[in-house]
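Take this structure first; my questions come after.
Just so it is clear, A, B, C and D label the chains in written order, and each chain counts residues from 1 on its own.
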Amino acid sequence: MNDIIVKSITRLVIPFLQLYGIYIILHGHISPGGGFSGGALIGSSLILYTLVFGVDRAQKKFSHRVSEIAESGGILLYLFVGALGIALTGNFLSNKAAGFPLGELGSLLSGGIIPVLMIGIGIKVASTMITLFHVLIQEESQ
Amino acid sequence: MFQPKYKWYDNFTTLTGGLIILGAIILVYVLAGLNGSFGLNNPFERFTMLKTLSEFKWMPLLIIFTPAVGGGIQLFFSRKTCYSRDTVVIVMSFSTILMTLLMYPTALDGGQLLSFPGFLGLGLSLKVDMLSLVMLLITSILWFLVMVYAHAYMIKEKRCNRFFFFMALTYSSVLGTLVSADLLTMFLFFEMMTITSYMLVTHGQKEESYSAGYNYIFMGLLGGFAIFVALVLMVVYVGDLSFTSAIVALQATGSIRYWIIGLLVMGFGIKAGMAPVHVWLPRAHPVAPTPASALLSGIMIKVGAYGVLRVATSYYFPVKNTVDSRFDPIWLTSETIGFSIIWLGMITMAIGVFLALQQSNIKRMLAYHSISQMGYIVMGIGVALYLGYYGAMGFAGSLYHIINHALFKSLLFMVAGSVYLHTRENDMYKLGGLWRKLPLSATVALIAALGISGIPLFNGFVSKTILHHGIVEAYEYGHASFRYAEWIFIVISAGTVCSFIKLYYYVFLGKMPDIYKSIKPKLNSLDVSMAAIAMMILFIGLNPSLILDLFIIPELRVISYDPQFINTYIVGMSVFTVSDMSIMVPIVILGFLIFIAGTKFHLFHLKLPGWLRIEYIFFYPSFHLMRGACRLLYGDQCPIDKKEYFKMDIKHNYDVGFLDRFVVLSHMFDKRFEKKIINSDALIYTILITLVIIIMMFV
Amino acid sequence: MIEQLPIINLILLLTTALVIPLFKKQRFMVTLILSFVVLFIVWLSALYLLYHVNTTGAFYYRFGGYSPTIGLELLINPFSALFTFFVITLLMIIFIYSTADASDGIHEREYGRYYILMFILLFAMFGIIYTNDLFNTYVFMEILSITTCAIISIKRKKKNYAAAFRYVMLNEMGSLSYLFGVALLYMVTGYTNIELVFQGVQDVWVIYPTNIIIAAIFMIVGLGLKAAIFPLHIWLPDAHSAAPSSSSAILSAIVVKVYLIILVKVLFSVFGITIIEALHIPSLLMVIGAVGIVMGSFFAIAQHDIKRMLGYSSVAQIGYIVLGIGLASSLGLRIAFYHVFSHGIMKSVLFLSVGAVIYQRNLRKVTAYNGIGYMMPLSIGMFTLAALGMIGIPLTSGFISKFNLGIAALDGGQGIYIIILVVSGILNAIYYLPIIIAAFLRENPENQIYVSKDKVPLLMIMPILILGAFIVIIGVYPAIIFDLVDSAVSTFSF
Amino acid sequence: MNLVNDILAHVNFIGAMALFVIGLYMVVTHSNLIKRIMGINIMGTAIFYFFIAVGNVEDGAPPLLDPDGNALTFINPLPSVLILTGIVVVVSITVYSLSLVVRIYETYGTIDQKEMAQIEAEDDD
């Protein structure tokens, strides 16, 4: 799509989209939303980039290797945080029982491990979406 | 390299001859010693070591594993020479005879139970009692002699190693069937026997052996499944599978008891070649190599009879000494069963002899005679059950006939094999005058033919007389219809006589075709083993009471028969009475008459109409059913494989088996519906879920 | 620490799956060694858990320590411990085989992915068996079906794609039906935890029978679709025959069984024996199982491709398990579980030995097996053993299954099904015996008379031999399995 | 009137069932692979709809903890949470099957199941 309007608007919109996604991820524990919705937003921003600027440029920005690592890394983060609960004499994914500080209800830094889990999920979802999209597009172009 | 100076193992005939003589000496010494004749003492009392050995608990297991282990060893030796392999085979078979003899004292006491709890879920158990011992002894002796024969016979065949290996495995499973003390163990070894002996039947790897083998294995599996169902019924309704009286529990099950015995008789009867399910036998026995067919006819079909005998006289008989009258209602079940088994035996006898008379192939004819002789045995079993408390005569007769038939039938097969080996011809009408060339074969064939015809002084006479007594008793004590059974018995005996006159006349007498003039037979282990069996036939024929006293009467006393009856009629029984011998006179005369009539009017070449064939009667409706199904699927012309559809044609009714047609049907069904089913994937789900909802909501 | 073992197993499996892609593609050996080490550790822990629950009793594992009303819960009892052990043992043996036979149609680039999928598969199966939550089961089920489907389509061939598509579509329908059942149950009980749902269902059974009936129907049909119970087996033959040899074994021997395990859970732990008996579900299942036994074998007879034939044979054998479940008695369930083991082992042997033949000679046609027994005596020997087991010859585990199933059927007053067992034995003989006869008794154009060695890698032949030995061991001394199975059956109340 | 009231009270469930049947109908009748995938998606949506309808509470507020502590009637949050997972699952299945469709199109040259079956039958012969 070699349309100047689309390109400029996309350049403008993508940072806001991603910022909004990050916002949703970080506020997952105190408002509706969370890792999945936020991750989906970030992922769709990347899809938008791919649509507008083509696969090759998108691949340079967010290569296959990076997305592979991000995919594994997001879920590994989740697992690691969950396993911390076991290490701290609780169960898997233990929050309060394992001694994580819950903080004050309503503030950003609260909810123990939940924000961290949300970040993990967000990374995973965003990278999975973009990987799937790239895979599908490349299959067609082959 | 080390070279032995004298190659004793090369000289196989010497070795086997020596072993046979040694075995005969041991056998005669032990038997005579046990019987107290010739002033000999009981060897088990004389040598305490033997007594200790005989109480060795693991002996039944050892006897099963000896041939199997020998099979492994001989596979190892078979890489070197045939001689070393066959030496192993012979030694192993010989050692089983010795082991069997060793077990005599324990068997006399009723046997030791060797049980393996937990195996196969319900536990296995082995026991050698007198009935097992009789069977074991005849099996091991015959197996040994046939193995001696097999060496000379198989040396010219291909794939001997496989043959001997599976022979050893079959031997193991036959022995296992005989020593088992419960139905599950028996079933286990029985199935093993079916599978391993399949390899013997198909050994020739010709088209006819494949088709015969296919027939054999599927009939065998069918029999196995019949026993399997009986086994399940026994476990649920009786609970105890060991061969002890279960009649009390069985009587509480209503008609299930008849189902159980019916299935068992069918299962064992298929192996025994009983009348409507004998169809595999005349196909399988001729195509197997001669040593295998000698054993198939000599031993393996007897195992079926043994199974019926064992099961019926243990499960369906009351506990010993609890009943003292023939009219006790506890006998009613066995009486009903016995009645049908006698008639089954009669039908088997008649069909066997009648079809045997039509054959020209020697081995086929002998196979049909096996069926007929099995009819005698089955009839004896029937009498043993029918008369209940007084059935000892039938039991003795059938057991005795099992021994005798094993001897003369395998000898006849061996003679047929010997003739085939020298002439490469199995059609008796193309042979003749061979007594000049094969004098020894002719002599032993004469002995065996006289044996099977039941001529006095030969072994068949003894058992046939006892069986005749049995059927007469069945008439006297029981139903009047057995008067006809006796007549049939006599006519069939005459048919047997005629049949063997015919065999002997066409093969050994008459004019010799020129092509056989060049035969130069030389003495080898073939003749040694045949001579040994002939000697045994004569020995039994001359000393009929030895086997009765040593083996059969002790066994009869274990079963809950009337001891009074046994003492009166069987102990000290002499078969050489005028009345018994005089029965043979009309039989032989009738036999000659049939033979003369047959040759004169070409009755032996009668071809029966196709619809009389058992397969035809059984499968005709299913042929039509399947053809109809195929028509339904494809109409008259078949769009798929023409060759396959051809099999459904009515013209090929005789060549194409039931299973082939079934496979064709399934192919057609598959062609027609499989893709459709697969492509209507979600539809099936929808239909099913709607159906189930309807069913559940409204039922 | 023992309480943490189940979750550690799950984490370990998932982590391994995630770590494998991080390795360089060239270092394939590292992947294999790591995979084997992980499998072995999980195997040890599954073994220990089995021992533990059989000696000290069952225990729960709650995620994050939340109560079961809102949280997830794993239940480790003799039942789940037994089947996780079964799954991991069989999979480990097949894994050894797959290391040597990965070349069966898989592109070299995909080797790593194949093992990722294998670990996710294992993870999902462990999750399904351990979990005590209906919705969680659904999630694990979906992971399992996607992974399975990916394994089927890993071979880049035409048929694989079509088979995989059909598989994924029908499995999705099955999953959605199951989820619909869960929703209906959630509607009337308010829980997704199996034990709480069970309590709730018993309470509301009188008030809302329609909900429960429809839930039962949808759950059973949905699981039946995934477990390939007869009329819903449509996807199985293509899927199983298209997959690489080692994964055909995994799919037929393990994955399908896992769905049957959920079916057992749903029937006896969620609804309970009283309700399903009131709905006549057992008799329905028995009829379906019996029809499946006969029709599966009937279709198997007609197949030309040996792997398709084995697939249809699986359909028939699943009928046995369904029949055992349908008897709805402890005897019936006992033999159904035993047959899960028995068929799992026998079918793996069949698929793996056929895989060995395909590996060496590329023979897929049933009619092409003439004389192959002389060239590959060990593989075909084990094939013969397993086929005899399928027919039900004593000394193999198939006989024990058949025998005890007959006893259980008769004991439950359903003696008519013994006839089905006999018919099935004969039908099995019709399609297995010609192959064996051809392999050992027919002449090959190459005219091999002498027995030669198998000429396949040792790592391929060893697993086949080990599994073949198992067939005989559990066939001769079934108490080894029956003891374990009995304690598993005792977790269900009858 | 009762019937209308009943229908109105259960309109969510009836709608869900109708959607389910529509989806199933699509899967059964269409041979276009993409349409079948769409059908399955509709079936999935029906069930999610059903699930969420189960969790609905009349006049309920969104299930958010209010720091002020005003006691309110909440909508049951659990079904929504479960359905979120369910949606992820169905999305991934959809993506996977779509990628399969791409491959099928490459190899078969068609995305119609009937034509695929024909091609397979020709391959067999």
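Convention: a contact is a pair of C-beta atoms (placed from the backbone, for glycine too) under 8 Å apart; a residue touches a chain by one contact, two chains touch by 3 or more.
In this text, all values refer to a predicted model and were calculated from it rather than measured experimentally.
The most centrally placed chain, judged by C-alpha centroids, is C. Contact tally for C-D versus B-D: the pair with more C-beta pairs in contact is C-D.
Mean C-alpha positions place chain C and chain D at a centre distance of 28 Å.
Between chain B and chain D the centroid-to-centroid distance comes to 68 Å (mean Cα coordinates, whole Å).
Averaged C-alpha coordinates give centres for chain A and chain D that are 25 Å from one another.
Work out the mean CA point of chain A and of chain C, and you get 36 Å between them. Annotation for chain D: residues touching 2 or more other chains are 27, 36, 103.
Among the residues of chain C, those in touch with two or more other chains are 169, 173. Residue positions 682 of chain B are each in touch with at least two other chains. Every pair of chains that touch is listed here: A-C, A-D, B-C, B-D, C-D.
Against chain C, the residues of chain A that register as touching in their complex are 68-69, 71-72, 75-76, 79, 82-83, 85-86, 90-95, 97. Within the complex formed with chain C, the chain B residues making contact are 118-121, 158-159, 187-188, 191-192, 195, 199, 202, 205, 210, 213-214, 217-218, 221-222, 224-225, 228-229, 231-233, 235-236, 659, 662-663, 666-667, 669-671, 674, 677-678, 681-682, 684-685, 688-689, 692-693, 695-697, 699. Within the complex formed with chain A, the chain D residues making contact are 62, 64-65, 67, 84, 88, 95, 98-99, 102-103, 106. For chain D in complex with chain C, the touching residues are 20, 27, 33, 36-37, 40, 43-44, 47, 50-51, 54, 78-79, 82, 85-86, 89-90, 92-93, 96-97, 100-101, 103-104, 107-108, 116, 120, 123. The residues of chain B lying in touch with chain D in their complex are 675, 679, 682-683, 686.
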